[in-house]
Structures are given as structure tokens and as C-alpha cells.
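Input: structures, listed below.
Two complexes follow with subunit A in common, the first pairing it with subunit B and the second with subunit C.
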Partner chain A sequence: MVDARKMAVTAVTAGLCLPLALFAIILVPIPGLPAASGFWIPAGFYFVMTLWFGVWGALGGHIATFLAMGYFQGFTLQVWADGALGDLIAPLVALSVFKLMGARPDLRTRKDKIAWLVGVPLASLVCGLWVHTVNLYFGVITWPFWWVGVVTYLVGDSLAVFIVGTPLLRSLTNYVKQSPMYIWKD
Partner chain B sequence: MSEGKVRTFFAYVDERFLLVRAHPAVKIVALIVLNVVPWLVEAPVPLAAFLASLLLLATVLRAPLGKLKNYLVYILLVAQAVVLSYALGSKIPGSVAYVKYPWGCYVTEMTFLYMAMVMLRIAGMLVGSTLIFLSLRDVDVVYGLKSLGVPFAAAFVFNLAMRFSALFLDDYAKVRDAMLLKGVRLDVGGPLERAKLLSRTAVPLMVIAVRRMQDLSFALELKGFPPKGKRTYIYTFRWKLADTIALALLIVIVISVVALKVATRLLSFPGWPLV
Partner chain C sequence: MVSYTMLFITSVYALAAAVIAVDILERRALKEEFERVVQSKNFLLYLRVFKVLMEAAILWLIVAFFGQILMGWISL
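On to the complex of A and B.
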């Protein structure tokens, strides 16, 4: 059941990530690979929002990516299926890693840190595989370029999430724990 | 804003623009169909005909397609990706092989045709989507999704997200200005260095976001969200005969394209009339 809190998480995450996504596209475009930014700043935010507030944070990232990419690239099926769906999948993979390992997003224990170090590259890899398989399926790239796209996506996305997300998780998780939307019970 | 203009996603358009007056559900379905059709079709000539039809329709409807200029950079990005990918990494059989690479890929006359097909596909999607978005208002998204059976809450969240982005743009500007006043240089270094500097705005922005999230959830709960029972709406959209015809036409187009794709080779590469 959708309640006001979940709606607020999605709407605010989307609203926050949208301008950041616009800046990321402008700042670091990757020549040869459409729908990719070398440093996808909003990923750091919606990964963190998803780890704090669950699926609804990921949905916010999805909406933000679609609107931001659409602004520059057109609101087409390719753009939606490509980056926007990929950006829905990625933080959910990271959340699943945390759930499976029983880790917490404040990154205090060794287990939390391992979950973060494993979850982020794994999520970026899954997202990269998705994004460039979609590109391949729409005919924008060919097989020999597929793995190049996946590797650059893995590196660029992981870098952004680690640089932006790590200080957010470490410095703000205790503050966010007071929120009734926080999903983890200590 | 001048008299008789309607604010849509992209521009103020004349309220007599036929698509503006269509039912929101028809606009949403048209958006999906105009993207699915070029995705299904692999034949360059039918794709070119599809694109030409959309441009003709836009001209007849006097749609202000100037918005397409904003996508020129993306078109160029896609074009160079397509050329690079297919020139170096494809094996599309043809009658003449212009280049053969040691890694087994080659370029034939069909490679160029395939490149053209991909570009026509992306262009078709872009023109089709832009045509619809020129007629789409934010209320259309909520009412359109609602009338297609999407829960009201989901449609409402989408709309709310778009409104919040404007607020966060303002917040971002305030945080950035505060950092600049404290002597931070956000315009120095390479792209990665600049991106890292930009990411320093993350913590204050996130604090604002969390506080705003709580305020919003309280406001929504006070307003009785999620709505229980039958809702009433401020706008009413009457389903007209023209909407029925448009919807029927869209359904026929999709069925025809799927049937032709499955049963014949007319819409597969290289397709009609090159089969």
C-alpha cells in the first residue's frame, strides 16, 4: 500500500536527483557511448536514499534519470529503457546485498563496509550490463563495443557512488535514523 | 503568456493545436505507440516513411518542433556511436566488402544502410515523443495515467517529483552560492575534479532533502493521503469520438506492424522495397 511517507521519499529523491543528473550529463559526457556519464553524480544520492528508505528511493532515482536524460536526449522508449530502468535496478541490487549480508548503511562495522564495497560495484555492473544490452538491442552499439560500455559504466558509476555516497552514509545515517521513513531496525 | 496559449512540457502552444485537445489517455497511448513502432521496424524505407509522416503531421498541426534543436547534441552523440560501432565492429553481409578487419568484422554497403536505419529509428522516436510532449500538460500525466488504470498515488508522485526538481534547483543554487562566497572554486580542474567539487554540495543538499521529505509526508497525511473512497477531480476530460478514432487507429497501427513483422520480411532489415 502506498502511503504518504513512501510518496514523499520518491518525490523528494526524484526532485533532488533531477538537477544533479542534468549537471552530470553536462559535466562528463562519454564520447562514443550515448546515455552514459563518466561521473553520474545522482547515483550517489539515490543509492544512499535507497539504502536508507528502501525501494521508494530507487523509484525516485528512476524518475529523475528519465526526466533528466529526456531533457537532453528526448523522452523516448530507448532513453527510458536504457538509463532510467537501469538506474532503478542498480540501487536495488545494492539494497539486496545489504539485506542478504545483514549489513547496515551507517558503515560502522566491518560487515557494513564489505557490503558497501561489494554492493556498489556489483550494482554498477548489473546496471552497466542492462544499459548496454538495451543499447545493443536498439541497434545503437554493436557487440564488440558492448563490453567497453559495460566496463566504463562499471568504473564511472562505482566511482561516483563511492565519492558521493560514502561521506553521506557515514555522516548522515545517524541523523536519518530519527526519520520514521528509515527502514532499518537496530 | 498571450491569449489562447496552453503551457505544456516544452512550450506555450496554441490551444487550437489539435493534440492538446485530445484526451490525456490518448496522448499517453500515442507516446508509447510512437516509440514502440520504430523499435519494432528494422527496414530503413518504412522507417523513413514513418519519420516523414510524423514531420508532415507536425507541419499540418502547426506543431512548434523547434524543441528538436535541443536534441541535436544527442543526435550527434548517437550518430558517432553508431558510425564507430558499425564501422569497426559489425558483420552485416552485403555484395561488396569495402573493408575487412583482422578481428573478423567488415564493412559492406549494407553496413551503411543499417547505420541509416538506426538513425532513422532514433529520429522517429525523438520526433514522435516531442510531438506528444508538445501537447502534454502536467495534469495530462496524472489524468492520463489514472484513466489507464495506474493508481492515483503513482501518477501523483510523478507529478510531485517534477515540481520538486524546481525547488531543488533553487536549493542547489543557494548551496553553491554559499560555497562560492566561502572561497570554493567550482570551475577549476578537469571534468572529474570539477565533478568531485560539485559533489561536496551533497551533504547540505541531503539534509535539506530529508527535512523536506518529513515536511511533505506530514503535509500529505494531513491532506488525507492516500485518498480513500471515490475521488473527485478538479478537471474533467470528456471522451470524444475523435479520441475513440485516434485510439482505434493507434491500436490498428501496432497490430499491423506486429503482424507484418512476424508474418513477412517487409519490416525486417533490409525490408521493403529492398527485400
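On to the complex of A and C.
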């Protein structure tokens, strides 16, 4: 059931991620790869919101990416929708890993840390595979660039989520736990 | 010579970063009091969490600004 608090979580996540999705993109060259990786900073925020508040956080990241990608000239609706759906799927994959492993987002126990270390790259890989396979079938990229795209996606998103998300989860989860919106019941 | 625009923007960023640093110090100093007050005023919890997330977002926008200067996306 949708209530005001869930909508607020989505709105806050979207509002937070939108300026980052528009302006906080840094391309980091990867040695040996003929493309730079997009250091996708908003991912760090919507991963954290999803691990705390579930699908409502992921939905906020999806909305922010969809709106932000429309800003860039030359991107077709397919590219917006493709990237935005990828950004909906990715945090939900990480959330699923936490659920399956019975881990918690405060990253205190060994199991929590392993879930984070496994879940983030797995989520980024699934997202990269989704985005670039769809792009391939729509003719946006060619086969030789497919694996480069997937690898750069994996590296760039994972790095951003680890660097931005880890301190946020470690420092704020104890506060968020007190919220009735927190999805984990210890 | 640093341009006027660059000096202006850098000053705003420096002030924003300083405000965030002061806020972190304040949070540490008032940790126990906050945890006591939040028992009766639950909305403070959300304010605290969302404020920290926004502060982190501001810091990353500052990092991205200088990163994009290095990448050549922004020229001043």
C-alpha cells in the first residue's frame, strides 16, 4: 500500500539523486580499456536508500535517472528508459543479495560486509548487462563495444557505490533503524 | 591568474564545505542529547538522515565540479 511516507522516501531519493545525475558525472579512465568509466555518483545514494527503505528508494533513483538523462542532447527515449530501468534493477539486485544472505545494511558483521562486497558488483554487472544488451539490440552500440561497456559499467558503478555508500551505511544506519520505514526487523 | 568566476565559485564551495565540517562537529558534540530528544520527536531522525545525505551530495557535486574541469567539460 502506498502511503505518504513511502512517497516521501521516493521523492527525497529522486530529489537528492537528480542534481547528482545531472552534474556529478566524472569519467575515470581504466587502464587497458578503450573507454573511460562513468563514475556514477548518484548510485551510491539510491543503493543506500534502497537498502534502508526497499523498493521506494530504488524508484527514486529510477525517476532521477530518467529525468536527468533527458537533459543530455542526442539521447533518445530508448536510452533514457534503458538507463533508468537499469538503475531501478541494480539496487534491487543488491537488496536481494542482502535478503538471501540474511545480512543487514549497517555493515557491522562479517556477513553484512560480504553481502555488500558481493552484492554491489553483482548489481552493477546485472545493470551493465541490461543496459548494454538493450543498447546493442536497439543499434546504439556495436558488439565490439558491448563488453567494454559492461566492464566500464561494472567498475564505475561499483566504485561509486562503494566510495559513497559505505560511509553512509556505516554512519547513518543506526539512526535509520529507529524509523518505522526501515525494512529490516532485527 | 585565477579568473573571477573561478574565485567566486571556489569561495562558495569552500564556505559550503566549512558549514558541513562545522555541522559534523556539532553532531558529534550533541550526539547524546540528540539521541535523547529523538525518542519523543521522531521527525528529527529523518531531518538528520536527509541532511547528512544532502551534505554528502553537496560534497560530491564539489568534487565533480573540479573533476569536470580536469576532464575539460567545464572551462573557466
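Basically, the second predicted complex is superposed on the first by the 169 of 186 C-alpha atoms of A that agree within 3 Å, B and C clash if a C-alpha of one lies under 4 Å from a C-alpha of the other, contacts with A are read in each partner's own complex, and residues count from 1 in each chain.
The working rule: a contact is a pair of C-beta atoms (placed from the backbone, for glycine too) under 8 Å apart; a residue touches a chain by one contact, two chains touch by 3 or more.
On a predicted model such as this, the values are computed, not experimentally measured, just so you know.
In this superposed model built on subunit A, subunit B and subunit C take up the same space, so to speak, and clash. When the two structures are aligned on the shared chain, A:161 is found in touch with neither subunit B nor subunit C. Of the two partner chains placed by superposition, A:51 touches none, neither subunit B nor subunit C. Once the two complexes are overlaid on the shared chain, A:179 sits against subunit B and subunit C alike. Of the two partner chains placed by superposition, subunit B and subunit C are both touched by A:171. After overlaying the two complexes on the shared chain, residue contacts for A:84 are found with neither subunit B nor subunit C.
Judged by the touch definition given at the top, the superposed model places A:150 against neither subunit B nor subunit C. Set side by side, subunit B and subunit C differ in how many residues of subunit A they touch, and the one touching more is B. Of 80-88, 116-124, 134-142 or 206-214, the subunit B stretch that intrudes into subunit C once chain A is superposed is 206-214 (criterion: clashing C-alpha atoms). With the contact threshold set out at the top, residues 12, 16, 19-20, 23-24, 27, 39, 41, 45, 48, 164, 167-168, 171-172, 175-176, 179 of subunit A are in contact with subunit B in one structure and with subunit C in the other. In the complex of the two chains, the subunit C residues touching subunit A come out as 38, 42, 45-46, 48-50, 52-54, 56-57, 60-61, 63-65, 67-68, 71.
The touching residues of subunit A, counted against subunit B in their complex, run 1-5, 7-16, 18-20, 23-24, 27-29, 31-34, 38-39, 41, 44-45, 48-49, 59-60, 63-64, 67, 71-78, 138-145, 160, 163-164, 167-168, 171-172, 175-176, 179-181.
Those residues of subunit B lying in contact with subunit A across their complex are 31-32, 35-36, 39, 70-71, 73-74, 77-78, 80-82, 84-86, 88-90, 103, 105, 114, 117-118, 121-122, 125-126, 128-130, 133, 151, 153-154, 156-158, 160-165, 167-169, 172, 191-192, 194-196, 198-199, 202-203, 205-207, 209-210, 212-214, 216-218, 220-221, 225-226.
Subunit A makes touch with subunit C in their complex at residues 12, 16, 19-20, 23-27, 39, 41, 45, 48, 164, 167-168, 171-172, 175-176, 178-179.
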